[in-house]
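One chain, chain A, appears in both complexes that follow, with chain B as partner in the first and chain C in the second.
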Partner chain A sequence: MSLPLLAAADEGGFTSPSTDIFWQPLIGSGAFAITRPAIVFALTAVLVIVLLLAGTKRLAIVPGKRQMAVEAVYGFVRNTLARDIIGSKDFRRFIPLLVTFFTVILVNNLWGVIPPIQYPTMSRIAFPLALTIMLYLTYHFVGIKRKGIGRYLSGLVPPGLPKPIVPLVWVLEFASVVLIQPVTITLRLFGNMFAGHLILVLFITGGEYMLFHGGFGLKLLSVPTFGMAFVLTLFELFVEFLQAYVYTMLAATFIASALADEH
Partner chain B sequence: MTGSLAIVGYGLSAIGPGIGIGLIFAAYINGVARQPEARGMLQSIAILGFVLAEALAIFGIALAFVFQGE
Partner chain C sequence: MLLAGFAAAAEETVEGDPLYPILPHIGELVVGIIFAIIVYVVVAKKVVPRLETMYEERRAAIEGNVEKAERAQAEAAAALEEYKAQLAEARTEANRIREEARQQGAAIVVELREQAQAESDRITTAARQQIEAERTQATAQLRQEVGRLATDLASRIVGESLHDSARQSGVVDRFLADLERTEAQGVSSR
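And then the complex of A and B:
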């Protein structure tokens, strides 16, 4: 998982993992290096495409196992996220975007606990940022296209407010739509994956250090440490599903509020 | 003993979102206990509230690492 860390542990005391463990260039160096998460992301793209194509190759009225699985994921995003949040009038054209978000984020997150890979791609900020840029352009574009730029901007303020506080609320809402919403949605996905991966590395390398480099007492203590690593891996699994769901839900919420007639 | 005080600061700043998330899910459980058929509607509201409270904790951890080197 983090070989530099294990090597460092040999020379003296235990070094706790830092942000350095996330920077793993495989080919080249510097800003244009091909890194481990880049390769994992490419793998994800191929895997998602292959799985979705395989599931929908021979569509039947009575679905087979594969088609059933793909339809379950698709139906979940379509019904509980897109239709319930965006509304039954214009949710259809956003389904491809939302299903892409959900599947790509879910598979990328799950790599965080799947043994040979064990790298949640979204723990590098560039990946959630790229997704959010797509989302950002989409919801501003559909909002402005639906209402025109003037009504889009003036529609940010909820109706029925007393006159004097309208400019104040408008500034707040404008800052929220333009800056705060995209920043929080990016940082949420990034932060969850980053912190989760860091804590797994901490418990696993810490347990390794206690078991192989510590005295008898530390060797005994390594058992609960590995136990915690196991429990936290299960917790990570839960967080990974939750974050994919939350990101897609917030994406649908942003699109819905950009399209809504009154705030 | 060396280390970064920023991480201790993050520990303190996580108390607030922790309490907030606790209150949100307490209210959710209360709501479902009183009116089980409203579960679906309450669930998405609860997750939305949880997400907003959690954002503060996430900002905290991002800033803790940003200011670690100072």
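And then the complex of A and C:
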């Protein structure tokens, strides 16, 4: 347990975790270093594929346990998110994308509380961004393909607005579709995982410091600190599910509004 | 491993990591895109088609079952209707047969009664005839006997046989005929 973090604390008191803790290169360095979250993400992708393929190997009309689990996730994304938001006419094409988003985000998020990984991959903005790039290309592509570039752009403004404010609204809507939507959806997922992880690390390393290096009072206080860490871990678990759901739902919403006849 | 990560983080300078956490690390971005696309392709080519096919089959199976159940129900209803009709028919038939039997029974009773009546009439008539015949016979015998007795008596009184002459003269017969005539007159005059 010769932790540099705690070694530093030994010398000069407790240092709260900073954003540096997210930087975990394993092989190489620099912009193309292979980092720990990159490997976790890749293995997670393999895990998701294996689980989904195994769960759908021998599908029966009356499902078994494993199939029931896959069907629960699939049915949720398919019916609650894809069909109800995009509409029963178009939703089938987008099921694969939304299922990919939901499963990949959910498993990657859950690593935040699952030992020994205990690192939410999505707290590195590159991963939410990678998903958002796929989403971004998809919804602009299907929107332009459906309506043509002219009608796609003019359709950004809701009909029935007074003439003078149409240009203003158009600029706002254009900025929203082109920049604000993808940035916010990315930041929402990233920020939740980033902040949650930071808080967990703060409580756990803080409790640890108080227990091992503090005086008697601090040792006592480490108990509620660990209790807090436990509560926040449960909360984090909830947030991890929630954010997978929110991202997928927003993705479906963007696709739906790109396809919608009227804004 | 988390702690090992901390160690690595602390030992490394922040070299290679973007200056701010909201800027993406290029290597991670590339890995992210590649593996997300791999997952997408597998999901699109394998997982979704499998599940959608299964949904389709399940829907068809459920519809098929519902149809089958409806058909069975219709068949059962038809059979029930048929049985009811047959039952009603059988009941009518039974009533008819019972009624017929009653009528036949009544007819038989009447016929038997008539037969018995005829038989008793016949027996009575025959008895009457027999009685009449026996009476006639008895009368004839009696007449003979009376004649003979009277003649015997008369002979004994007279002292000689009167049989031949009595027979010749038909005295007895005449006497009896007179007797009968007076008797008959007596009856009619009364």
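Basically, the second predicted complex is superposed on the first by the 257 of 263 C-alpha atoms of A that agree within 3 Å, B and C clash if a C-alpha of one lies under 4 Å from a C-alpha of the other, contacts with A are read in each partner's own complex, and residues count from 1 in each chain.
FYI, a residue touches a chain if its C-beta (ideal position, glycine included) is under 8 Å from a C-beta of that chain, and two chains touch if they have at least 3 such contacts.
A quick note: this is a predicted structure, and the numbers were derived from the prediction, not measured.
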| item | value |
| --- | --- |
| First (chain B), second (chain C), both or neither touched by A:T19 | both |
| Which of chain B and chain C A:L220 touches, first, second, both or neither | neither |
| Which of chain B and chain C A:R124 touches, first, second, both or neither | second |
| Which of chain B and chain C A:D84 touches, first, second, both or neither | first |
| Touching partner for A:M249 - first (chain B), second (chain C), both, neither | first |
| Of chain C and chain B, partner touching more chain A residues | C |
| Partner chain in contact with A:A33 - chain B first, chain C second, else both or neither | second |
| Touching partner for A:P96 - first (chain B), second (chain C), both, neither | second |
| Which of chain B and chain C A:I149 touches, first, second, both or neither | neither |
| First, second, both or neither for A:R188, with chain B first and chain C second | first |
| Shared contact residues on chain A - chain B and chain C | 19, 187, 190, 194 |
| Interfacial residue positions of chain B with respect to chain A in the complex | 44, 47-48, 51, 54-55, 57-59, 61-62, 65 |
| Residues of chain C defined as touching chain A within the complex | 1-3, 5-12, 14-17, 21-33, 35-40, 42-44, 46-48, 50-54, 57-58, 61 |
| Residues on chain A engaged by chain B in the complex (per definition of touch) | 19, 84-85, 184, 187-188, 190-192, 194-195, 245-246, 249-250, 253 |
| Sites on chain A touched by chain C in the complex | 1, 3-5, 8, 17, 19-26, 29-38, 41-42, 44-45, 48-49, 52-53, 56, 59-61, 70-71, 74, 78, 92, 95-97, 99-100, 103-104, 116-119, 124-127, 129-131, 133-134, 187, 190, 194, 201 |
